[in-house]
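Going by the order they are written in, the chains are A, B, C, D, E and F; count residues from 1 in each one.
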Amino acid sequence: MKESNQRDFCIADLKGVESPAGYPCKPPKTITVDDFVFSTSTKGTPNAFNFSITPAFVDQFPALNGLGISIATVEIKKGGELPLHTHPDANEVVILENGSVTAGFISSTYNKVYVKTLTTKGNIIVLPKGLLHFIINNGKGKAALTLIFTSVRPRVQILDLALFGNNFDSGVISKTTFLDPQQVKKLKGIFKGSG
Amino acid sequence: MKESNQRDFCIADLKGVESPAGYPCKPPKTITVDDFVFSTSTKGTPNAFNFSITPAFVDQFPALNGLGISIATVEIKKGGELPLHTHPDANEVVILENGSVTAGFISSTYNKVYVKTLTTKGNIIVLPKGLLHFIINNGKGKAALTLIFTSVRPRVQILDLALFGNNFDSGVISKTTFLDPQQVKKLKGIFKGSG
Amino acid sequence: MKESNQRDFCIADLKGVESPAGYPCKPPKTITVDDFVFSTSTKGTPNAFNFSITPAFVDQFPALNGLGISIATVEIKKGGELPLHTHPDANEVVILENGSVTAGFISSTYNKVYVKTLTTKGNIIVLPKGLLHFIINNGKGKAALTLIFTSVRPRVQILDLALFGNNFDSGVISKTTFLDPQQVKKLKGIFKGSG
Amino acid sequence: MKESNQRDFCIADLKGVESPAGYPCKPPKTITVDDFVFSTSTKGTPNAFNFSITPAFVDQFPALNGLGISIATVEIKKGGELPLHTHPDANEVVILENGSVTAGFISSTYNKVYVKTLTTKGNIIVLPKGLLHFIINNGKGKAALTLIFTSVRPRVQILDLALFGNNFDSGVISKTTFLDPQQVKKLKGIFKGSG
Amino acid sequence: MKESNQRDFCIADLKGVESPAGYPCKPPKTITVDDFVFSTSTKGTPNAFNFSITPAFVDQFPALNGLGISIATVEIKKGGELPLHTHPDANEVVILENGSVTAGFISSTYNKVYVKTLTTKGNIIVLPKGLLHFIINNGKGKAALTLIFTSVRPRVQILDLALFGNNFDSGVISKTTFLDPQQVKKLKGIFKGSG
Amino acid sequence: MKESNQRDFCIADLKGVESPAGYPCKPPKTITVDDFVFSTSTKGTPNAFNFSITPAFVDQFPALNGLGISIATVEIKKGGELPLHTHPDANEVVILENGSVTAGFISSTYNKVYVKTLTTKGNIIVLPKGLLHFIINNGKGKAALTLIFTSVRPRVQILDLALFGNNFDSGVISKTTFLDPQQVKKLKGIFKGSG
């Protein structure tokens, strides 16, 4: 067997071109232990929703290539939130690290709403793939979460940005959501959309 | 080999209990050609959005068990629409059968909006899994579509029903969508929600 | 995350080299709505079996890359047919669009034959993967079908062409099929085979 | 964790009902080493094609449940053959154990015929899924083969039995294969078909 | 569609019989938000290796059925360890929550050893499926870890228990490991094995 | 359809770069029957464990690309063995070709040991993925085996080489295996390790 083909893992070569199976593999000879290590300990600046996120997806952490999972850590300031959104290709497991949050999702069966407040480090909730969900920090201080996704790079569709943060035609929005035109206009203003 | 184990197909036994792989299989001896046949030619009554749908999902058409696809036919009255919605677990292929429709979806990458008007029988558009999308009949008469899904039973999350057609707490809706409370109240009224 | 890695879909780059997972993905920046759109409305010239086919497989419609499905439309002239053939890697769903056809397949269990005549637009039959099947237009005019396959590029093995449309040794054909040598010779003549 | 859920394997409970994922698992407490052991050393009586087969499929060897492979041993008498057939759901790897055989398959690409004579113990040929193939013992004595399939229970469609060993309508056979009616009649006689 | 078949998830019915795809699904009508929630906040008593583990596998947390992932939290006392072991069916992602640990695994390629000390909350290491690995608490106090597995119920094979904690014949152990008989005898004593 | 895209198989282009799905495919035009053929009839020189192995993995036999299986033949001299080892990514099926062997594996459930002596050509044992197992030739002469793996290139972790055939720190070995330091030193000497 050629040395280059003996492998236990397929660390992503991020310069290669992806296929539906992921990135091509780095040559085994170039791999060191640091390819298997990542740190989520540095935190970003909170965004307009008052949360910051540190992703460990395949593009940040190439060791995840082909493994079907990824991780992120999130900090939500007091009163902040992860607004209503979906992950079109990933189930999500939320682990509470610190603080207190209310998490909820809406099932497609009877549009039933499932909501739970997590208050203790180690509390876990599963948010099924593709369903609208939210997390609100309703505690007395900062909340911290570890998120696990069943995808190497979970996609995110935040409802407000999908509707109002682009050039989506306002008439079509009203037609397909039944929102009042002035409501659409107002939110287009907030989320810097046009159209 | 026992006769009962010789099989080319696993027709769903709808009385059995599903697992993540689908329904258990019907005994081969009970299978006839009619297990492989379905008809979408009868049409339902249009709903409040002015469309009717005839599903050929695994629960209507047990031959699809384990095959990973399903079909539906849709008729949209003039001016009607399939309002903004997602299929959390299925890509969708839309084939125009009659009339003219405008279809669109919103990508999770930069919230880019993709819109196309289909005008000729045989026009096809692909709507990727889990993304918000809509179809509007903007033609001069009824429109007819054949829909193909990459799931034996595509789930559907219609945005307005998920937000306003249930007991989802109005305060949380406003908090997580930035919609004005009076807008929420109005749409709760239209879609018969409470909370 | 690098922009080039944010993607909701993996449109095939047909100039790339396929792997078992399909084609590599086109760079997201080059993608427009037209990558998601196809038309089967133009029809080819009928072949010797009196049918014409318009495929929407991954090579014609790169949006299907990695989705595991594809589509074709078929027109069969009066009295024409899709002769006995298999799709070695795809289940097939046949939707009658126009006319009347008789479809059948042979199960590998007891070689049982399943045959059904479809007469109404919207009639559907499922033809399980890898089994010999046929469709005959036995109606009073042209028949039109939409075909759905559980593969991005269904392979087709037409029995007569596999046996008689190549250089397959005639002695081996007789030995392995029990057809008379003169029958083999006659059909080699019709299907332009040698050997 | 309940004892009954600790498991390294899912030995098939053949009395259970299959789903698309296979059989349910036997209770771990009932499992012994004999569940993992099988013998292909006893041979059946040769059939009309002069071969005998000893299958180690999931129904004979329940340890294969969920593993996606199975095995068979075959003996072909001098001059005997495995006539033209397909495995609709399995790739096949043939290992020559004894004697000499000629194996061939027909690709669906240009109907190209691939043929090879294997003469030495340990010679291997791969026969891709779903394609027509044959194996002829053209050696001076008995031939023995080990077959490996990428399915726990490979299905088999023998061309002659599919066409002539059942009640497949003779007129439809001629129509869809272009075989002469008298040829069909003759082979229906040999393979005990009707219709 | 029957109500009972509309589902977004397949919560495990732990009383049902598993198949290779997992447990059968609980009836949707019986599902509440508590089916999606779990807590790892209670900790067990440290074992002989000085660690305690709180698993959130499918048997403890039925919401994971069919999702292909699971979670555990681990506490390791000062000087304690997770001794050399494998997970035969799961990749593992280790997230340091508290303290300092040294983690390592041995690749099957050239038996190369990869070792890293994690010192900061949020440090992550990936341990590829099926390879021998260990984690030692070499810090000044207790260490805490969150473990993520790419299996709903990761199996664990601890080397010492597999060799010495059962009735594995001592002569065969020496023969197949090259350990001295007295070493085997000594460790059989420690790990309460016989044979 | 472009000729280059019509394919029934994806023969590995070993010069291409692997992805998690395997190698890219060779251009169809370059493929001949010899791409589907391999021979295990030549045997290597026995190693220190007194066995020789002839692999037919994807790197030797590119036709297996994407098929999920591979094969090897093994000869074990009298008294020789396949010492305790795992295949981290493959189930294994052992077929006895000649001689007599004792095979065993250790389950991760209760560390139960499963052992069986195979004495007759055609005897088969299944060794589940990722578990420690061994095969000893305890017959009166050479033993020969055919091995089938559910991976195109099964990885192998031989326990002694993983522990003692590299630069794995001796103190860490003793700490994580409870082996005596002098035992570690002795085996490091035998297996040419350092550290």
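Going forward, contacts are C-beta pairs under 8 Å (C-beta built on N, C-alpha and C of every residue); 3 or more make two chains touch, one makes a residue touch a chain.
What you see is a predicted model, and the numbers here were worked out from it, not measured in a lab.
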{"item": "For chain F, the least number of touch steps when starting out from chain C", "value": "1"}
{"item": "Rotation in the CA alignment of chain A with chain F, degrees, nearest 5", "value": "120"}
{"item": "Chain pair, B-E or B-C, that carries the greater number of C-beta contacts", "value": "B-C"}
{"item": "Chain C and chain D: spacing of chain centres that average the CA atoms, whole Å", "value": "25"}
{"item": "Centre-to-centre distance between chain E and chain C (centres being mean Cα positions), rounded to whole Å", "value": "47"}
{"item": "For chain C, residues that touch 2 or more chains besides their own", "value": "6-8, 19-21, 88, 108-110, 115, 128, 131, 155"}
{"item": "Chain-chain contacts as defined at top", "value": "A-B, A-C, A-E, A-F, B-C, B-D, B-E, C-D, C-F, D-E, D-F, E-F"}
{"item": "Chain B residues within the chain C interface of the complex", "value": "6-9, 28, 32-34, 36-41, 54, 56, 61, 63-64, 67-69, 71, 73, 91, 93, 95, 97, 107-110, 114-116, 118, 120-128, 131, 146, 148, 150"}
{"item": "Touching residues on chain C, where the partner in the complex is chain A", "value": "1-2, 5-8, 10, 13, 16, 19-25, 65-66"}
{"item": "Sites on chain B touched by chain A in the complex", "value": "81, 83-84, 86-89, 102, 104, 106, 108-113, 115, 128-132, 134, 136, 155-157, 159-163, 165-169, 172, 175-180, 183, 186-187, 190"}
{"item": "Complex contacts: residues of chain A adjacent to chain C", "value": "14, 17-21, 55, 57-60, 88, 153, 155"}
